[in-house]
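Before anything else, here is the set of structures, which you'll find just below.
In the two complexes that follow, chain A is the common piece, with chain B as its partner first and chain C second.
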Partner chain A sequence: MDESKMYLCRCENVTLADLHKILDAGVTSMEEVKRYTRCTKGPCQGRTCKELIAKEMARYLHVPIESIDIPKDRAPIKPIPMGEIAKGDQ
Partner chain B sequence: MLFSDLVVIGGGPAGMSAALAAAGHGIKVTLLERMESLGGQLVKQTHRFFGSESEYAGTRGIRIADILREKVESNRLIDCRRGSTALGIYEDGVVTFEEGTQYKKVNMDRLVVATGASEKMLVFEGNDLPGVYGAGAVQTLMNLYGVLPGRKVLMVGAGNIGLIVTYQLLQAGVRVAAIVDAADHIGGYLVHASKVRRCGVPVLLGTTIRAALGTTEVEGAVIQKLDSHFHPIPGTEQRLDVDTVCLSVGLSPLTELLRLAGCKMRYIPALGGFVPVHNSYMQTSRSDIFVAGDASCVEEASSAMMEGAIAGLSAAISLHVPSAGILEQRERRIRELAALRAGDVGAKIRNGLAVMAD
Partner chain C sequence: MKKTADIVIIGGGVAGCSCAYYLAKRGFRNIVLVEKKYITSGSTGRCAANFKEQWESPVKCEMGKYSIRQFKVLGEETGFGDLEVVQNGYMFTLYQPDQVAEFKRRQTMQNSIGVPTQYLEPYEVKQIIPQYNTAGLLGAILNPEDGHINPFKLTFAYEKGAKDRGVEFDTYTTVTGIRVEGGRVKAVITDRGTIETPVVINATEAETKWISRMVGLYHPVEPQKHEILITEPMDYLKLPMITSYDQKIYIHQMPHGGFAMGTLNEFQPMGIVNYGSSWNFLEEMCRRAVQMIPAFQNVRVIRQWAGHYGMTPDMNVILGPAPEVEGYILATGAAKSMMMSPAIGTLIAEILAGDTESAIPISKKDVGLSRFQNYFINPGGSSKKNMDAEDAVS
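Here is the complex of A and B:
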């Protein structure tokens, strides 16, 4: 089984092997995993990978999934051009 | 800035039902729908519905979408905004949204979030290869755009979506090599399972996908048997000659708007994973925000329509607009929803909701 071909985050090309490497180095926070890998920051904004990564972290670290610090959702929840906001609400 | 008593986010079965229920009691509703037309997932559901007669049992999903759409679009109290994606919810009751290429705001007193769900992904070797699809994407391609996803498909997941999409693939002339499911039983209705089995598609239980093969696209798949602890049994690998892998392994509620609004969430796998805590009135931990449909817990369109009606009525009731019979109407809808979940199939949802109520 080749973990480097098993993708958790397709937008940012983060594989199971990448995640395990980071966790093996002692990282326990998903916010930190995000900063190392950019996972959840691609076009899908984590809609596909967020739960997959949290689940795998919980399994690998032997902790309940509720204890994983899933990155906070912030507005705007989808990427939009800055110009649209700058233009204002007519 | 727009002003509205009630903003409904999502124009699928739940959102349309919520808008109609509230407007039925004189509430001014703004309905935001991301797509250019209303209907949500109903627009690709070519099969007939089960469930309750009051929720269009026996009618095809696409037709139910037409019926609801017509009611919503002809209702003068509903400002129906298509091509409008909600972006944020703020403390002062402002909801921001993108409409076309414009950034807009609407000020609301009450909010119903009916954003639906997204497809769950599965981790296996080669899961990023072109040719690996979610079952919802396959349905969109075939039933909406008339495009075949491939020639030979491996279906992963024997729930209702997996079984129904398998049948639709067969109808479109696509070969389905097998349906695999890690569980030891078929999750979907047996009537759907029997239908695809009679067409010669094997349903392999206690079996999972190990790898999608190929370098630039799917050229095959490896499946493997699992023991009772879901560990792969060595030596049971089997190679299938397929060009498409279709994943139907469940849905996750789309809850980012609820999260950023500060609604309390809980992880309840039976309901689809992280779900917003809500009561039988579909009210979240924020008293001005209600939820309905798959965004509240992953179920089906019939329950989504009932939840939508309950959420819309609850929003209207909480606005203290006097309207005859509204409390009785809500009680009736709550009873109907309980009746829909009364059978064996509803047990999972009932258990999940019991956990939530704890």
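Here is the complex of A and C:
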């Protein structure tokens, strides 16, 4: 299958080919992959792509998945309208 | 990893990478940059991505003007490619009569040195930003030449330019000490080995004081925590960045469509580095943003994070040697490392080369350590009293 048409991060259009290109350049950190590609920074905040990318990195680099530095989850866990947050406790 | 170098730069953020690039471009050789994590992992990767040339002092205006000129050519000069430079302007919205007077005074100074700031009446603000709630607004100051650049791409461009010119980058390398003998820098000690060097450049911004402590000095750079959030991507409106000192908020739409907005964390004392984000910031920021632009009500927040400013006594950069230890140089951006990185790198290269002339029409004394007579700032104090200081939110 064409790797440039297999999307790992749908929000930011990062494909399997994009990831392999970065890994081939010597990058081994998922935090760095995030800075290069914007992966996990879209509206889904990595809920669909994070594990997929980590898994593929572990497979491609021949390392255990525990050794991949998966970027931390940041609040809010899912998108919330600002008007709702602004209401506070009310 | 090299065992000896002519210059070691500590810090792989935009300031350190800019120094590496401009030093190498200038002809300095045998340069090593050491970074604790990865390039852009500190304040650079957490910044608001805007740049401006409208400041309260001519020194900062000149550094801003020079930097904007460089931003336009750096992508091509380094061979990196597009850096997402856009100039949609930067607007201060003013709510107090004394603010209006102060910003009009600045405008006169800025216009006299070629920064085209203009004063706007509330109806003109409404014309530019129809969604803006102008209740209580007295006026605004806009500089159309200010704008946005991608801080990651900018830093990677410096990195590429420096590497192409022979600079060694040692990431995931922690500096644990600096050896000083007879009042001179001799070596930088890291967890991966020692690098003998006569010159060390401290470009660690928020962590400056801990590195300076390794040579037995205190330098007045205190970390101050700021928080920021970003919304889901919306239509790109090409609006100017908006800052209000009164409402303690800045709002800036990134070219990919998300609105970034942020402010100071008032609850954490200065002097501490803590990247955790807080719920009260999220709530307070949403309240301020919805009040300023009611249309934000239905826009979703997708992420928040925190970073640090390196606060200096006059909130200007500190570039140059510490007189007590020969070979120890500070390259501190004072929360402006990203937007003034070309000026920082250029001035550091000029200082190390011993130039008397400068590409930027300012005196090295204006940016050197000697301008502080008694430079202790209370690290344990509350951040609150700095809220009114210049740059508290920008």
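We adopt the following convention: the second predicted complex is superposed on the first by the 77 of 90 C-alpha atoms of A that agree within 3 Å, B and C clash if a C-alpha of one lies under 4 Å from a C-alpha of the other, contacts with A are read in each partner's own complex, and residues count from 1 in each chain.
FYI, a contact is a pair of C-beta atoms (placed from the backbone, for glycine too) under 8 Å apart; a residue touches a chain by one contact, two chains touch by 3 or more.
Keep in mind the model is a prediction, meaning the values are calculated, not measured.
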item	value
Chain B versus chain C as contact partner of A:G88, first or second or both or neither	both
Greater chain A contact set [chain C / chain B]	B
Partner chain in contact with A:M1 - chain B first, chain C second, else both or neither	first
Chain B versus chain C as contact partner of A:R35, first or second or both or neither	second
Touched partner set for A:I80, first chain B, second chain C, both or neither	both
Residues of chain A contacting chain B in one complex and chain C in the other	45, 74-76, 80-81, 85, 88
Contact footprint of chain A on chain C as seen in their complex	37-41, 45, 152, 156, 231-233, 256, 277, 279, 282-283, 286-287, 289-290, 296-305
Contacting residues of chain A [partner chain C, same complex]	29, 31-32, 35-36, 38, 41-43, 45, 74-76, 79-83, 85-86, 88
Touching residues (chain side chain B, partner chain A) in the complex	1, 85-90, 96, 98, 101-105, 118-121, 123-128, 210-211, 252, 254, 256-257, 259-260, 266-267, 273-274
Residue ranges of chain A touching chain B (in the complex, touch as defined)	1-2, 5-8, 10, 13, 16, 45, 47-49, 51-52, 56, 65-66, 70, 72-78, 80-81, 84-85, 87-90
